[in-house]
Amino acid sequence: MNKKLLRALAIPVSAVIGLAGLTACSTAGGDSGSSGPVKLTFVNWDNGMDVVVAAWNKANPNIQVKLIKPSGTGYTLYNKLITDTKAGTNPDVAEIEYPAIPLMISNKVIVPIDKYISSLDNYSKNVLNRVQFEGKTYGVPQNICPLVFFYRKDIFDAAGITKPPATWDEFAADAAIIHSANPKQYISNFDANSPEWFSGLSEQAGGNWWSASGSTWSVNIDDAATQKVASYWQGLLDKDLVAPGPSWSTQWNTDMNTGNIVGWISGQWAPNQLPSIAPDTAGKWAAAAVPAWTAGDKKIGTWGGEVEGVTANSKHPAEAAKFVNWMNNSQEGLNLLIKNVQVFPASAKYQSLPALSTPPPFMSTQPDYNTLMAQLASNVTGFDIWGPNANITFNTYSDAFGKAVTNKTSFLDALKTVQDTTVADMKKSGYTVK
Amino acid sequence: MAIALTAEGSPPASRRSRRRRPALPVLLVAPAVILLLLFTFAPAVYAFVLSLLKNHVSGGLLGTSNEQVFAGIENYIATLTDSEFWGSLGRMLLVAAVGVPTVLILATVFALCLDANRARLTGFSRLAIFLPYAVPGVIASLLWGFLYLPATSPIGGQFVDYFGNTTIFFAVANVAVWGVLGFNMVVLYTALKSIPRELFDAAQIDGASELQLALRIKLPMIAPAMTMVALFSVIGALQLFNEPTTLKPLTNAISSTWVPLMRVYTDSFVNNDIYGGAASAFTLLVMTVGVTVLVNVVGTRLSNRSSR
Amino acid sequence: MTAIATPRTASAAGRPTGFRRRPNLIPTIILLVGAVYCQVPVLWILIASTKSNGELFSTPPLVPSFDGSFWSNMTGILSYNHGIWLRWALNTVLYAGGGGALSTLIAASAGYALGKYTFRGSRFVFRTIVAAVLLPRSCGRRTQYLLLAPIGLTNTYWSVLLPQLVSPFAIYLCKIYAEASVPDELMEAARIDGATEWRIFHSIGLRLMGPALITVFLIQFIAVWNNFLLPFVMLTDNDLYPLTLGMYGMIMPTGGQPNQFSLVIAGVFLSIIPLAAIFLSLQRFWKIDLISGGVKL
């Protein structure tokens, strides 16, 4: 019994030691052997990025990039990067969305790359605003993700709605038509789980959550424009014209698939996700501009969009910047991104690439999908700047609005909670807030 | 096979005539002690240290300098005056109030049934009830999430809103109960099996029914085991995390600070406030230890009284 | 309670035979209800794994689908992302099996030492270990991460193994069992015969503790298998994930990565099978009386 036991235990034990030994040697950052290739590590969660990286590796034997898919995405990842920056174990390059860049800068996670980049002339001021702070550039903008209104054309037609709503008043009217024709159907849901959905809508209304003058911050999350947006959606919810549940839950997936939810205000990247959300409905959706507050107003907000930042821990920032520049600011890189990750380029220079002439597979019935995207992209507006603690703002939004939806309490109160919590946290950390 | 265990295990070696103290026991205990120091006590101490600090940004719009400064009990005050902290404690206690008695009662009932005279299909039932123990909490939550949502529910999710304001507590408690029921049942069943059968024979001759047998003889004899089941269930309830976290994306009813451990997690990993998170964690630690000591004391008193 | 069973009514098994032989329905029914309750989710997942993603949300939950989706789901999950599911499964075996085995050895050594010897500090150590049983494990995960980060050990296999190598509860169980099952006389006899303490430990002590060690191993195995927060905190690299973390990632919505419910369901179903099989085959080794008996201490 004793011998068998020990023998049985020996195998897993030696496996443990063996495997652990193999991997204990893996470190972040690259080798700096003058004779070997420079090795970079790159953390990114997008599907299809491996093809892009493979193409780079093939063409650049001297700079080899290893792609790592992270466990947590978004702020879970950013917080890990923040902790690890002090330990020096961050990868060379990391995917960072626009709203998180100030957070990364103030926590010394990413470094300016001006000296490695030749030119960023091909980007509009609006886009550059998202990556440039106090005169330094912290990333090469990859994509722009305007908010888009996706809707079930077939169901709208059947309900007698021949064109998508052009204003929010029309949206409310259409919501009523659809819901009274079929009480199980909703034109959309209110998404308390997606803060950037709400911030994008607030941008469109003219909200300006953060601005800065010198070193002083001004925080106005509950400004009049944002309050207008919150009240509007509360009105729809109170009249039972939109579904209350969050997006991406199994319930919402089912509703999208069975036609109980017939519209989705989402980002440019939605057709990437729809195939697994609502596979039975391929080809039935159409994309249009999000309804405006006043007819003819083309301003639109965004949801998503990112750069690849070069981290402070990287021992090869020049090579890392070279890789990033190729990926996000070269025809070759963007062609690969469009084809495999389905991005929409941030720079107008690449917005008419031939690769964009085919619509995403899910939107096959709308061949001019990317033309619409280009149009929307040229009218994108945003906050002056994203706050240094946007993660707290976003988390509070989900909690406060989620609670308000469940308990049927005031959205304006929830909004105030978001504002107060954000300001309190900024002050606690030592920022000067007006 | 019962192992009667009392505290009489002290080896006679110390009472024998003088002998060299062997080095082996110290060596054998060393790995455990070192690991405990490194991975249980050191992190706790570090957490305490962190809880007394905070982050301070200075210089420029985005802070050219970021330093740790002494914060005293600021973080603790912030935690203790935060209504959300108490709210999360309250919610966790509600889940525990539903879950712990349920586990205890169900496990006891099932164990008694397994031990009942002439019960049938016991092997099958025991296995079927034990199997959920093999399913990790996160997976169990995913499964039950599907079962709760109207879209995919075979248990009437279309009619009952499992994610409503009050039902959410039952929904979360249910997932936890489902996972540990079988294990606790087997613990109690084994305790039952170690009761000498002669005690039953006498009662049965006197004409006691199965039920009376269960209530009057079996229950008091397994009282210590029941206390242990209660204790571990309470400890488990205090550490509630996996279930609400996994169910959170499915519903608006669960916030990111729904139970205390979620709050610790949110502070540390979402809000990047390791200092506040450490203060919450340490506060929780102290409360947990206090509660478990209390349950232990109360339970021991109760079982002492009943076995007299 | 002093009555003695009269020989007339006692059968060989100690049970009175003078009663009716009808099966006792009430406990049987109660147990079956319990069994159904416990098996409904498992049944559901078996049925759900026969459906494709679209069918999942449009057909009645308890009606299986026979259009071959089962096989495409199985092959789908196994080939997903270059076969990462198998990698995750292997990692889980490493963590749970290897980690469980190592922690059992450590617990056995410590339990034996504390149970069969008194040495300076042994009582203090034991009391501390008992106290540590009460400490919630999850509160310290963040700081464990912070402690390992500066030495570059995060995001490695060790980062998940090391914190789980010592389980106060396992040590406690081993100590009790060592005391109860390793007779001092045997040890003394071996000493007289000239055996070293080490020899006594591994050829007498470990052997006699064998049955308990299997139980301890199984408990540790399950505990590690179930542990979600630790790998979640420590690991960034997909390749190092255990199954729970990997599948949680697949189902959680993230920008750019759509939910893949039918694949996850297939993956979950697959992961339950080996664990259930291990349970079934090792049933006779479970010595749960160890746990319930330990209470009397």
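Which chain is which? They are A, B and C, in the order written, and residues in each are numbered from 1.
Note that in this section a contact is a pair of C-beta atoms (placed from the backbone, for glycine too) under 8 Å apart; a residue touches a chain by one contact, two chains touch by 3 or more.
Quick caveat: nothing in here was measured; it's all calculated off a predicted structure.
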Chain whose Cα centroid lies at the greatest distance from that of chain C: A
Interface with more contacting C-beta pairs, comparing A-C to A-B: A-C
Chain centre separation (chain B, chain C; CA means) in Å: 15
Distance from chain C to chain A - Cα centre to Cα centre, in angstrom: 39
Distance between the centres, which are taken as Cα means, of chain B and chain A, whole angstrom: 37
Sequence positions of chain C contacting 2 or more other chains: 57, 146, 253
In chain B, residues with contacts to at least two other chains: 146, 151-152, 249, 268-269, 274
Junction residues of chain A - those touching two or more other chains: 72, 80, 83, 248, 250, 253-254
Of chain C, residues touching chain A in the complex: 53-54, 57-58, 93-94, 97-102, 104-105, 145-146, 149-150, 152-158, 161, 202-203, 206-207, 210, 213-214, 232, 235-238, 240-241, 245, 249, 253-261
Residues on chain A engaged by chain C in the complex (per definition of touch): 1-2, 5-6, 8-9, 12-13, 15-16, 19-20, 23-24, 26-27, 43, 45-47, 68-74, 77, 80, 83-84, 86-87, 89, 97, 247-248, 250, 253-254, 257-258, 269, 272-277, 279-280, 304, 341
Of chain B, residues touching chain A in the complex: 54-63, 66, 145-146, 149-152, 165, 249-257, 266, 268-274
Touching residues on chain C, where the partner in the complex is chain B: 1-6, 9-10, 14-16, 19, 21-24, 26-28, 30-32, 34-35, 37-42, 44-45, 48, 56-57, 60-62, 106-107, 109-110, 112-119, 122, 125, 128-129, 132, 134-140, 142-144, 146-147, 162-163, 165-166, 168, 171, 175-177, 179-181, 184, 197-198, 201, 222, 225-226, 228-229, 233, 244, 247-248, 251-253, 264, 268, 271-272, 275-276, 278-280, 283, 286-297
Chain B-touching residues of chain A, taken from the complex the two chains share: 72, 75-76, 78-80, 82-83, 102-103, 105-108, 133-134, 192-193, 212, 214-215, 217, 244-246, 248-251, 253-255, 388-389, 391-392, 395, 398-399, 402-403, 405-407, 425, 428-431
